[in-house]
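A, B, C and D are the chain letters, set down in written order, and residue numbers restart from 1 in every chain.
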């Protein structure tokens, strides 16, 4: 076990993993039953990456996560009810019903921003956050997560170049779940190793098993301290897998891009199962303690859903508010009179 | 005649064009598996050389399309998400649209862009719900937006056979609708509007799924003896002025309903056109019912406010009719 | 191994080089005298050998994607001076009917295409030509030029990734000038040469002295041969001292008649070095060299005279240039009421 | 008062703003200068630590600025070629313009995009002659377009102090035109139009360098007893409807002159507002004098055909009156 991982921390990480998993499962359930609108992109199977990295980072570091990065809010102790409320389109939600599923903004309080409609678009934004840290002399670093599909976007290349040029405190974390929707990473990415993309710019690229939260934690811990001490950007490539489809609608699409065997094989490495087993095997904690975390989580989830369901819907007449911080009469223009 | 869904009509048109001509290629993201349903089954029929999946690199993909179009192919590029047009905006406008012009008319770029599922899809929020056609119109690109299955098949075929870049927008809200579609290949000419319903009191210019809204409102108002003419431009650019002129000279009143942001949008262009050329035919203000100038919010009650809908259209029509009646 | 370049070829190179230099000098003079609408600061010196070496190493059926400094490649591929100058004067006899003007001239009949861009985004277009060649089994190679200005654009990344992932026959020719003060390589790139970025795409990169016609030609010849055989793209990085006022800030053109960059480079260096080699190798005598120079300058003068007397393009043709298939009313009568 | 040209005025405003607010940074691409020597000296005198030289990666520069805003800075980005707007289009329209709303009004993006070499000028060829502001308006971004040196400084200062993304377009044609500019820092409120010349017969809505053309035409027509009111919106978006209402209620006739594409352009927007809200005042068709829907060709003889100019404006006014 890593030296910084004491019993408390280990159990805490388990809670993060399990809560994220339960949250995602709940979201899918609520989506199926019509409580949540639109397609959903849960990160089932990929929880360990965000949990490992965020536990290694400080609580005030800036985090930009992808549409499968729900774990980030959970690690930062956000009330899960705020996320549910947002997905229910309620006023109490973290974006007051404006952003919805893929755009959780908890930046002001928790320094976490989930924005991924643009695939790679958040990467330069968080490169900019790192530049801001540097210009303002802040000690924080910026960590940005993106998928293997986003690696083909020009923005990644430009951001990596800029990060290296300004020696920015930023960690690029690739959540390599092997498929950009249906396209295999070997098909779309021409680099022999994904870490070559970073090496091409002359900075470090580390590959790590994305299903093993301890290994991720260890790699992230070291990277965070290097980056914070002015070592410049680092690229972590975490190999992971999503157990579910790209989005919830995939169930009805009848796609054949991966085999059931492949999924089953990856499922044996599920961090939600392997991590507590390891804790018990190594005698760090008892199965009762694991069980009590589970119960705590179930309670939290139930309460959160209740909270969200009882929330208020935003008032229709507020739909045009908050477009601009400095308001002028007549803007934004209504589309009708 | 048989009835099929809008999306099936699109897929059929594409499939047949690929069958007829080896020059037609399909490019896009996840087009082999066909996430959007437009390219379903094409990969197994035509193979990897004609149905090409791209990495998520929109600029590179459009560039690749331009190059192969100049070399004699007719690529059909699918944008999986409407906002992806923004990523490749430079390639779309400055290159694909302008290369022919700046080469002095020496080259042809027969490209077709398909944007399946444009517009709000319900619960997909601000960055996946745009209808970016006004941007392309301003850039000078030909834009079509079929409103029913019949038009979809005919217009897509025309678009593919056209020798310039044409953007085809397929609004989410009509994709599942059924309509009569002939089995054989036929074309609906670009630049020709269609009167979806004739009427004598007021002209409603409606685009894409708004045509259905307009028809619904028209039927409702019929009971109140307001006769609404529903004008579907089908091709937004080049716009069919003549047919509009005929309609206006009959009715003298216009409401435009269009699902893109109002400022500098397509609605403004039609209104300005009327104000400039048909001012004397008009007897009342030209009203626009369009999206408000904000991104689409996630929450349902908010989304309803931002988007054009039948209630807003009805209000606008009533106001215009009332004003002149008074 | 590279075969010896024949004497005839070398003599041919000299004539082309001389033509390029003479044309550019003439353009610079015309620009300074405000006889053509071209900004002096955009005229580029020092990339002649690259264009010459690469273009002559290509087959006639191959494709060249030009940068905004396109005149060298045009002349190297046998473009007509008259049509080039007519275009620069904006006359209808020009290659693009006077529409395109001084930069980015596209000449389909010579296999030269150029994007409407100062950022050389035509590289992306190049992948399409290469794809078409592969699909049609034409065995063409596409040489796409780009320079320091473009090297940090994401579109380069996307194009290289696509070319490599799809095995397209493309040669990326990077014109890396050490003089450009804008994106200074040392400052903007942590890895020493742009070529090192090829790692990210699993590509081979070769670096040559871009001031040396022979080495550019023979290296390009080898690489192109291997591209044609393997269909694998490659990168050729040519280091130059080229100079362009807007990028290196020197006042080479504005201040004096002499085209002399403070960075000790101008087109003449390449020319003079090359003619020295020709003399040393007894390929051309001083007399013969002078003869070529006189002939070329006469041709250039004639082209300028002819172009000045050319006819202006007609507005009636504009819509035809814009659209291959016109429809009634495609254009409004903007401003022509 | 001393006279400055527009670029000098812009840099003066920007420099003062940088010294007043520690959060304002200038981000620019490439170190070379396109401008004249006088501008160079201006630029060099920026405090070095407040200028960030960015590699040429437009999309990422714009997006990076969005990130900077998240950390509380107020970046000013300088664009020097109009193709930059196209290259960074998604970062502008899909990120900067949308993220505040999508965050539920929690976040703020005080960013200024300074487009200082915009539009047609003598030596610009087609590519640099793009005028892409209507694209940004359609994307919901605030756009200002000053028409003289005084407005340049005042509006730029307002734009920097505004808490939202604002694009400031300084037309290439007015770049070197001089005007009176006070030395002290002042601001011109955004969203406020200005009547550059009063008149009673017809309102000419003119933007950017077209204001000067309109003024010249107005003076010329005075001799013919045609009194032209020249309306300069200054802020294209949000557009000042009230002032336009006053003007049109007086004249009842409008010509809109704008140097951007016609289809779905700024002129269409103004025209549609008139047709919808102020229809009762209108006595005549609203004519638009804009660019053709064709890119600007290189050849001078064709340029004249494509671009709006005084002749076209004059004939339009005469046609209406």
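To be clear about the criterion, contacts are C-beta pairs under 8 Å (C-beta built on N, C-alpha and C of every residue); 3 or more make two chains touch, one makes a residue touch a chain.
Keep in mind that this is a model prediction, so the values were computed, not measured.
Contact tally for C-D versus A-C: the pair with more C-beta pairs in contact is C-D. Rounded to whole angstrom units, the spacing between the C-alpha centres of chain C and chain D is 35. Each chain gets a centre from the mean of its Cα atoms; for chain A and chain C, those two points are 46 Å apart. Separating the centre of chain A from that of chain D, both taken as means of CA atoms, is a distance of 40 Å. Shown for chain D are the residues in touch with two or more other chains, namely 55, 57, 59-60, 83, 87, 90, 94, 101-102, 126-127, 140, 237, 263, 276-277, 287-288, 293-295, 297.
The multi-chain contact residues of chain A, meaning those touching 2 or more other chains, are 93, 95, 97-99, 103, 117-118, 152-155, 158, 161, 165, 187-189, 323, 331-333, 337. In chain B, the residues touching two or more other chains are 54-55, 57-60, 83, 87, 90, 94, 98, 101-102, 125-127, 140, 237, 261, 263, 267, 273, 287-288, 293-294, 297. Chain contacts in this assembly form a complete graph, since each chain touches every other chain. Of all residues in chain A, only 62, 93-99, 103, 105, 107-108, 113, 115, 117-118, 121, 124-133, 135-136, 138, 142, 154-155, 158-159, 161-162, 165, 321-326, 328-333, 337 touch chain D in the complex they form. Residues 83, 86-87, 89-90, 93-94, 97-98, 101-102, 126-127, 130, 134-135, 137-140, 237, 261, 263-269, 271-272, 274-277, 279-280, 282, 284-288, 293-295, 297 of chain D touch chain B in their complex. By the touch criterion given at the top, residues 29-30, 32-33, 35, 53-60, 80-81, 83, 87, 121-128, 261-263, 267, 287-294, 297-302, 304-306, 308, 312, 315-316 of chain B touch chain A in their complex. Contact residues on chain B toward chain C in their complex (touch as defined above): 25, 49, 52, 54-55, 57-73, 90-91, 94-95, 98-110, 140, 142, 162-164, 189-191, 235, 237-242, 273.
Of all residues in chain B, only 83, 86-87, 89-90, 93-94, 98, 101-102, 125-127, 134-135, 137-140, 237, 260-261, 263-269, 271-277, 279-280, 284-288, 293-295, 297 touch chain D in the complex they form.
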